[in-house]
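Below are structures written as structure tokens.
Two complexes come next, and they have one chain in common, chain A, joined by chain B in the first and chain C in the second.
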Partner chain A sequence: MHLEEFAEGKSILHNLDPRVKIIVFVVFSIFCVLAPGVKLPLFFLFYSLALLFIARPNTKAFISRLAMANLFIGIVWIFIPLSYKGNTYLALGSMNVSQEGIQYAVSITLKSNAVIIGTIALISTSSAFRLAHAMLHLKVPKKLIILFFLFYRYITVVHEEYLTIKRAILLRGFVPRTDIHTYRTFAYMVGGLLIKSYERAEEIYKAMLCRGFGGSFPLLDHFRMGHRDALFLLLSILTFFAFWMKS
Partner chain B sequence: MHISEGILSPKILLAGAVLSAGGVVLGLKKLKNEDIPKAAVLSSAFFVASLIHVPLGPASCHLVLNGLNGILLGWTAFPCILLSLALQAVLFQFGGLTTIGVNSFSMAMPAVISYYLFRTLTHKGKKLAFLAGFLAGSLALLMAALFVGLALVETEKSFSPMVGAFILMNFPISLVEGVISGFVILYLKKVKPEMLT
Partner chain C sequence: MDSIIRLKDISFAYNKKMVFQNVDFVVNPGERIGLIGPNGSGKTTLLQIIMGLLKPQRGTIEVFGKMRKTDADFLEVRRKIGFLFQNSENQLFCPTVKEDIAFGPLNLGKSKDEALRIVKETCDILGLNGLEDMVTHKLSGGEKRLVALATVIAMKPLCFLLDEPSAELDEDAIERVLSYLKNYASTYVVVSHDKRFIEAATEKIYILKDGKLRLLT
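The block that comes next holds the complex of A and B.
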């Protein structure tokens, strides 16, 4: 499983302190969610596009993710201009396309893409483990972080087991259809995965106890906030305020 | 079933975040240190299971299994589902980080409700256990769709026709979820009954 596509890179954004990136992202998304109208969301989209230009993620992966995320926005575009009450912009037979409806759909589209691109540029450019480590510094409960650590660590392991079971089922000539036999087979697959995971977890806990687990993992490497991080934090927050003042 | 970024109103986002935070705190409180690995690796299994696509007539749907998740994990479903959704938002941009409160609540609250309604029923005979799994699976999915729909309609009334279509679409999917959850419960009962006690 290739999971952290966007975290593989060498840009300035990839190397910033993840704690700073998380704080900037939180402020950015709060401003963006609260932004009314069209102009302000557009400014925030420019900001995230600028970050994207710095981060330079894999183009193919980026476009496919963005297209996927805009699928829902597409559905909104089909429904909202027709059902939103407001001044008629265009009459199609008995249906009215309202001006306010279009404005609302544009606003949603801008905000949505701004936050998604912001997520890719700021959050997805750090590895999941570094993000979890940063969350620990940002006072997220330790238990949640340990839970995340083991959960993420074992996804690839469980996925391997899934592939093994799937291969065995295919070798026996299984063809998925819409019938009870298919659903029962999928259920037994899931059941098998759950039991294997449950048994593995027992072994994991024993191994953790052998290594002296007492409710936390020792941390070996530490973040250091440098001039670059401070500058990025300052510039970003100032930009957000400037956007807000301008509109 | 994840609402993407930029759509919901700040009020709804805040409500979702507060409700989810409450559920997560409660779930973590109930989670003993010795049960952390179980909750974590079971969540990995649910994450992998959600990648499985099941045929449904000419289309296909991916498994959600939040009802089953609730029966096995109880209140711990809250932190586990939150982490799963956070990971999907960061790695695949499914759902989103600003909507994580609303999305986690819509999936995890039905999971917890299934836990209270159907967990003891799984200890009964085979038929009742299957029924418990079926109801947990299908109702949890429908409740999740309902919560998501509610969040959209509360944001903007004109979402109503879209939400109506969305909930209708979830009925056939809920049957598939129900049947599969029912069979999973039977399988666990036969092979590893201590997972359900």
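The block that comes next holds the complex of A and C.
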């Protein structure tokens, strides 16, 4: 399981101070999500595409992530044009596809893709640990950060446990079918994972106690904000304001 | 001299299933003790009781000459006795090797520079140089084990409790651990199924079987 494939790169974005990237990302998301109409969200999409161009992530991985997210947006396209009341664009029997509905769905699609691409270009280009560290500096509650960080540290372990159980099941000739035996096996698998994770959590806590854990992780490295970071912050915020003025 | 660890009349049961009864166990300074016994005989349980991670139903725990009952009592124990877990995956929770080794010393109140110096020293001793900036979960099983040992060593404990230190290690790594124990550690308890390792590392061997602890050699 590879969690940080986008973080392995050498672009300018990869090297920016993660604190700056988080701030820009938060401002960007708020502006983008609140943007009315179609034109303004399109501008924001251009902005995140520009960042993407700078970050140059692995194309295949990027497309698969974007496709996954757009699967959910596809559901929006089924319901919104039909349920949104407005001028008829197309009549399908007793149902009405409204013009405003389509516009609304386009707007949602643009915004979601802009934010997802922004996340990949800005957030995924830092390692989970640097992000946790940056959040600590930005005064995000400590408990949330420890949760985020331990989640990141142990999700691969839980995934390995899952693979081990799956292999054990397959090695004994299991073929999934639509019957009680299959459902029971899946339930055992989930139950086994829950119990193992719980026990592991207890063990880890014990290990932390043995090393004098007192509620926080001491930090070894510190960030330094440079000219490039300040410039990026300023340019981005100005761009967002320009977008709003323009429309 | 006072003994480091003195367990008296300890009885422990997991959900009414008795693990051991009326066990006495003493570790004196300079003693190198091996603890063997069949699976499930309670070897790990005994070590966890010493660290205050499990509470026995009966008996007293005296460490460094003081009775230990509450979690607060065990704080000092945990800082001065180094416990190597059976599963290193659970012991390494920091992102990089460097941070993991520095975690203990920083919690003991060492400065950042001191902590980094300790990291370097420990890596030198165990031959882990070059791994400092590796991400812990990407290490191999044997490397994880050695790094876990390094995190314990970094706290400069007065006594070690090592649960299966040689498991998952190749010959070369086992040699490194053995030479560390022989040259740098004076007092420790090793739990292992590895007969050769126990014989090479310890001078006194106990066996825990059927709920009783007795001296083998």
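What we mean here is this: the second predicted complex is superposed on the first by the 240 of 247 C-alpha atoms of A that agree within 3 Å, B and C clash if a C-alpha of one lies under 4 Å from a C-alpha of the other, contacts with A are read in each partner's own complex, and residues count from 1 in each chain.
Heads up, the rule we're going with is that a contact is a pair of C-beta atoms (placed from the backbone, for glycine too) under 8 Å apart; a residue touches a chain by one contact, two chains touch by 3 or more.
Remember, it's a predicted structure, so these values are computed and weren't measured experimentally.
S.K.: After lining up the shared chain so the two structures overlap, which partner does A:220 touch, if you call chain B first and chain C second: first, second, both or neither?
M.R.: A:220 sits against chain C, while chain B stays out of touch.
S.K.: According to the stated criteria, A:129 is in contact with first (chain B), second (chain C), both, or neither; which is it?
M.R.: In the superposition, A:129 touches chain C alone.
S.K.: Who does A:83 touch here: chain B (first), chain C (second), both, or neither?
M.R.: first
S.K.: Quick check on the superposed pair: does A:183 touch chain B, chain C, both, or neither? Answer first, second, both or neither.
M.R.: A:183: touches chain B, not chain C.
S.K.: Tell me which partner touches more residues of chain A in the superposed arrangement, chain B or chain C.
M.R.: The partner that reaches more residues of chain A in the superposed model: B.
S.K.: So, A:212: does it touch chain B (first), chain C (second), both, or neither?
M.R.: second
S.K.: Does chain B (first) or chain C (second) touch A:150, or do both, or does neither?
M.R.: A:150: touches chain B and chain C.
S.K.: Using the superposition described at the top, list the residues of chain A that contact chain B and also contact chain C.
M.R.: 128, 149-150, 153, 157, 200, 204, 208, 213
S.K.: Where on chain C is chain A touching in the complex?
M.R.: Of all residues in chain C, those touching chain A are 48, 51, 53, 75, 78-79, 82-83, 85, 87, 89-91, 93-96, 98-99, 102-104, 106-108, 112, 115-116, 136-137, 151, 155.
S.K.: Please give the residue numbers of chain A that touch chain C in the complex, ascending.
M.R.: Those residues of chain A that touch chain C are 127-129, 149-150, 153, 156-157, 200, 203-204, 206-214, 217-218, 220.
S.K.: Can you check the complex and tell me which residues of chain A touch chain B?
M.R.: Touching chain B from chain A are residues 3-5, 25, 29, 32-34, 41, 65-66, 68-69, 72-73, 75-76, 79-80, 83-85, 101, 104, 108-116, 119-120, 123-124, 128, 131, 141, 143-144, 146-155, 157-159, 162, 176-178, 180, 182-184, 186-198, 200-202, 204-205, 208, 213, 215.
S.K.: In the complex of these two chains, what residues of chain B are touching chain A?
M.R.: For chain B paired with chain A, touching residues are 3-7, 10, 13, 24-25, 28, 31, 33-34, 36-45, 47-49, 51-52, 54-57, 63, 65, 68, 72, 79-80, 83-84, 87, 89-94, 96-98, 156, 158-162, 176, 179-184, 186-188, 191-192, 195.
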